[in-house]
Amino acid sequence: MEGTIATPVAYEDASPEVRAVYDDIMETKGIDFVPNFWRTVASHPPLLRDIWESLKATMAPGRLDVLTKELIALAVSATNGCDYCINSHTAAARMLGMDDEMLGELMAVVGVFNRTNKLSDAYQVPVDERIKKAVRG
Amino acid sequence: MEGTIATPVAYEDASPEVRAVYDDIMETKGIDFVPNFWRTVASHPPLLRDIWESLKATMAPGRLDVLTKELIALAVSATNGCDYCINSHTAAARMLGMDDEMLGELMAVVGVFNRTNKLSDAYQVPVDERIKKAVRG
Amino acid sequence: MEGTIATPVAYEDASPEVRAVYDDIMETKGIDFVPNFWRTVASHPPLLRDIWESLKATMAPGRLDVLTKELIALAVSATNGCDYCINSHTAAARMLGMDDEMLGELMAVVGVFNRTNKLSDAYQVPVDERIKKAVRG
Amino acid sequence: MEGTIATPVAYEDASPEVRAVYDDIMETKGIDFVPNFWRTVASHPPLLRDIWESLKATMAPGRLDVLTKELIALAVSATNGCDYCINSHTAAARMLGMDDEMLGELMAVVGVFNRTNKLSDAYQVPVDERIKKAVRG
Amino acid sequence: MEGTIATPVAYEDASPEVRAVYDDIMETKGIDFVPNFWRTVASHPPLLRDIWESLKATMAPGRLDVLTKELIALAVSATNGCDYCINSHTAAARMLGMDDEMLGELMAVVGVFNRTNKLSDAYQVPVDERIKKAVRG
Amino acid sequence: MEGTIATPVAYEDASPEVRAVYDDIMETKGIDFVPNFWRTVASHPPLLRDIWESLKATMAPGRLDVLTKELIALAVSATNGCDYCINSHTAAARMLGMDDEMLGELMAVVGVFNRTNKLSDAYQVPVDERIKKAVRG
């Protein structure tokens, strides 16, 4: 793998601990390869373990289903302009059933609110008292 | 309204064109006041009209339902750290049924992927060929 | 076109509605091809129409002339680090007369205020009362 | 001055070197007080001097006039959501003749391109070859 | 506590699991109160536990000492313009010995590289081959 | 050099003033080539001079040593996702002794606080009074 600033860890060269995380990633995600992101953070094994455990627990279905969580992850990644993540979460959402129409609608929402976010900040709009009261449900 | 850098337009002082947009906002959103954001962008009427039309069409239910769209809007606003927008979309999502558990899960997803977004960029991880192929579904 | 996560729409394959927008883009901008950005957002036709109408109205000459608007667009794109947009607005500003000296001065301004923006936030500097009073002109 | 994380330096307490910069700021900008930003960065005198010299040289009229430079500074600050800077550059632009219409048009441009910036990145749109060729003028 | 969009959890009202995390935070950081951040994320207990464990392990002394890690955390927070975090990490760095001079130098570095970061992106500067080769040490 | 939107200045073609800056860069940094960033900003000579002088003074050893300053610069660049800068500061930190373990720990810190930064903003957590008091040391 070219390009990263750290030395990625191939499955063959991984320590048993790293390999166990790799196996869990592939099984949980239903894929048969270790994506470049995980092979790169494995250059610092505590980082691999910490991120994977955190991500695995967070992405398990709860009150929000898995596709909704992936759509949120994609919206976050699109807002941050993270190339790797946009590709990765688009692929994951596709596997979970995102069709072209859903992608188009998600992008439309991302675009609209990046505009209003900037304008709210730019105009320094104060939060309405009525909105503040409604926030905690 | 204090704080904004432009002169907001009260309902009473609004031109008929601006007032028509205000009425449509309140009716569409099911609220009985004009939020500060809209009163502020009304300082430049073409901006009010353009943003409202774009937002109204984008937020109509489609392949994604309205709550999912609000959750995505909240995730975008949280990623951008936009105070006004975070409050506004939290309040809107509450009206549509977001409970504490859903808010907590959404925040967890936002947190996890802001971390991995930064690390993907920081390590300069290249996109996997297999992910590229899966992206267009 | 490689690289995008959506399926771009070529002029030949476009529906009459999409083609009408393409024609308007080329005529308004005085170019004889449909840039990749527009062909990509055309994968979700309502997005194409909404963005183009909004952009076309916003970029028409008003109290600010067209070159000034393009310079502002370039400053925004440079601050966001958007590769496509930096190239696109630089090319557009060139067509409108931006020379090397103007580009250098614009970049200098962008650099200086990205520094002071971060330091104002970092030091948590409160807005002066006298500045607040001067803001609405 | 409350709120900043450093100890601001009042004019009365300033060293002769810092006071000389303060005097130059007030004279150059045509104001009769030292804004909070400058009093805060004066907590580290080399920072005060370095930023002021850089900013003063950059904002002098050149191929771009002073108002255009302030509009660009405001667009950068709006894109970054920097409260202090938005207020400060709005006030400065007002002194140089920015009217409500110009402010509204600037905000409209900022809003439109923050949307397209995010969508260009989100869709991973590659730069057109023809645009690349036009970039260097 | 006013202001947050979630309902914070006071020590008295906390479940035994949440209270155990609170105790660990206070002991590890050598403070006698539970900061607002932790009381807020406790509104979603899995988030409290996950973030605390990740943060505690990451901030333990290693090849980088604790003060250096806090300075890096402050630089990240300053770059993101996160009010809460800037205050929190400044206070923590103070406890670990950061003096005014060190704060000033850190801010100077943050300012300089936010400028060059933006200009590198804005000018679309390609990475030198020699730099690429030096990156992995 | 391909890719940049300005015309870079080769050492051979540089004016005596630009060449003097190039020589100072190579001598100060202990390298025998002029990195692409400097050759690009030299397209606007006042920018080259201003940035170099500012950067050179800021990066000189003071209360913070040079490696610590480079680590901070790398954390800033990683947070901003600036490709050129991440590569450049990683290479510089390597020359100053950063090993794989230090890089891994730095990345871990960057990741953790990008997460908490976003969540502090997202939840709108107010700064604790006790933290405010501790901030000025």
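As written, the chains take the letters A, B, C, D, E and F, and residue 1 is the first residue of each chain.
Note that a contact is a pair of C-beta atoms (placed from the backbone, for glycine too) under 8 Å apart; a residue touches a chain by one contact, two chains touch by 3 or more.
Note that this is a predicted model, so its numbers are computed, not measured.
Participant: Between subunit D and subunit E, which partner chains are common?
Facilitator: Touching subunit D and subunit E alike, sorted by label: A, B, C, F.
Participant: Which chain pair shares more contacting C-beta pairs: C-D, or B-F?
Facilitator: C-D
Participant: Can you give the rotation angle that fits subunit B onto its twin subunit C by Cα atoms, in degrees and rounded to the nearest 5?
Facilitator: Rounded to the nearest 5 degrees, it is 180.
Participant: Report the inter-chain centroid distance for subunit C and subunit E in whole angstrom, where each centroid is the mean of the CA atoms.
Facilitator: So the centroids are 34 Å from each other.
Participant: Centre to centre, by mean C-alpha position, how many angstrom separate subunit B and subunit E?
Facilitator: The mean C-alpha positions of subunit B and subunit E differ by 27 Å.
Participant: Centroid from C-alpha atoms only, then distance subunit E to subunit F, rounded to Å. What do you get?
Facilitator: Computed from C-alpha means, the inter-chain centre distance equals 19 Å.
Participant: At which residue positions does subunit A touch at least two other chains?
Facilitator: 5-7, 41, 46-47, 50-51, 54, 58, 79-83, 86-87, 90, 100-101, 105, 107-108, 110-112, 114-119, 121-124, 135-136
Participant: What part of subunit C is in contact with subunit A in the complex they form?
Facilitator: 5-7, 41, 43-44, 46-47, 50-51, 80-82
Participant: Which part of subunit D faces subunit A closely enough to touch in the complex?
Facilitator: Spelled out, the residues of subunit D in touch with subunit A are 78-79, 81, 83, 86-87, 107, 110-112, 114-119, 121-124.
Participant: Applying the document's contact rule, which stretches of subunit F touch subunit E when the two form their complex?
Facilitator: 1-6, 33, 35-37, 40-41, 47, 51, 54-55, 58-59, 62-64, 68-69, 71-73, 75-77, 79-80, 82-85, 87-91, 94-95, 98-102, 105-106, 108-128, 130-132, 134-137
Participant: Along subunit F, where are the residues that touch subunit A in the complex?
Facilitator: Contact set of subunit F toward subunit A: 81, 86-87, 90, 100-101, 103-105, 107-108, 111.
Participant: Which of the residues in subunit D end up touching subunit F in this complex?
Facilitator: Going through subunit D, the ones touching subunit F are 5-7, 46, 50, 53-54, 57-58, 135-136.
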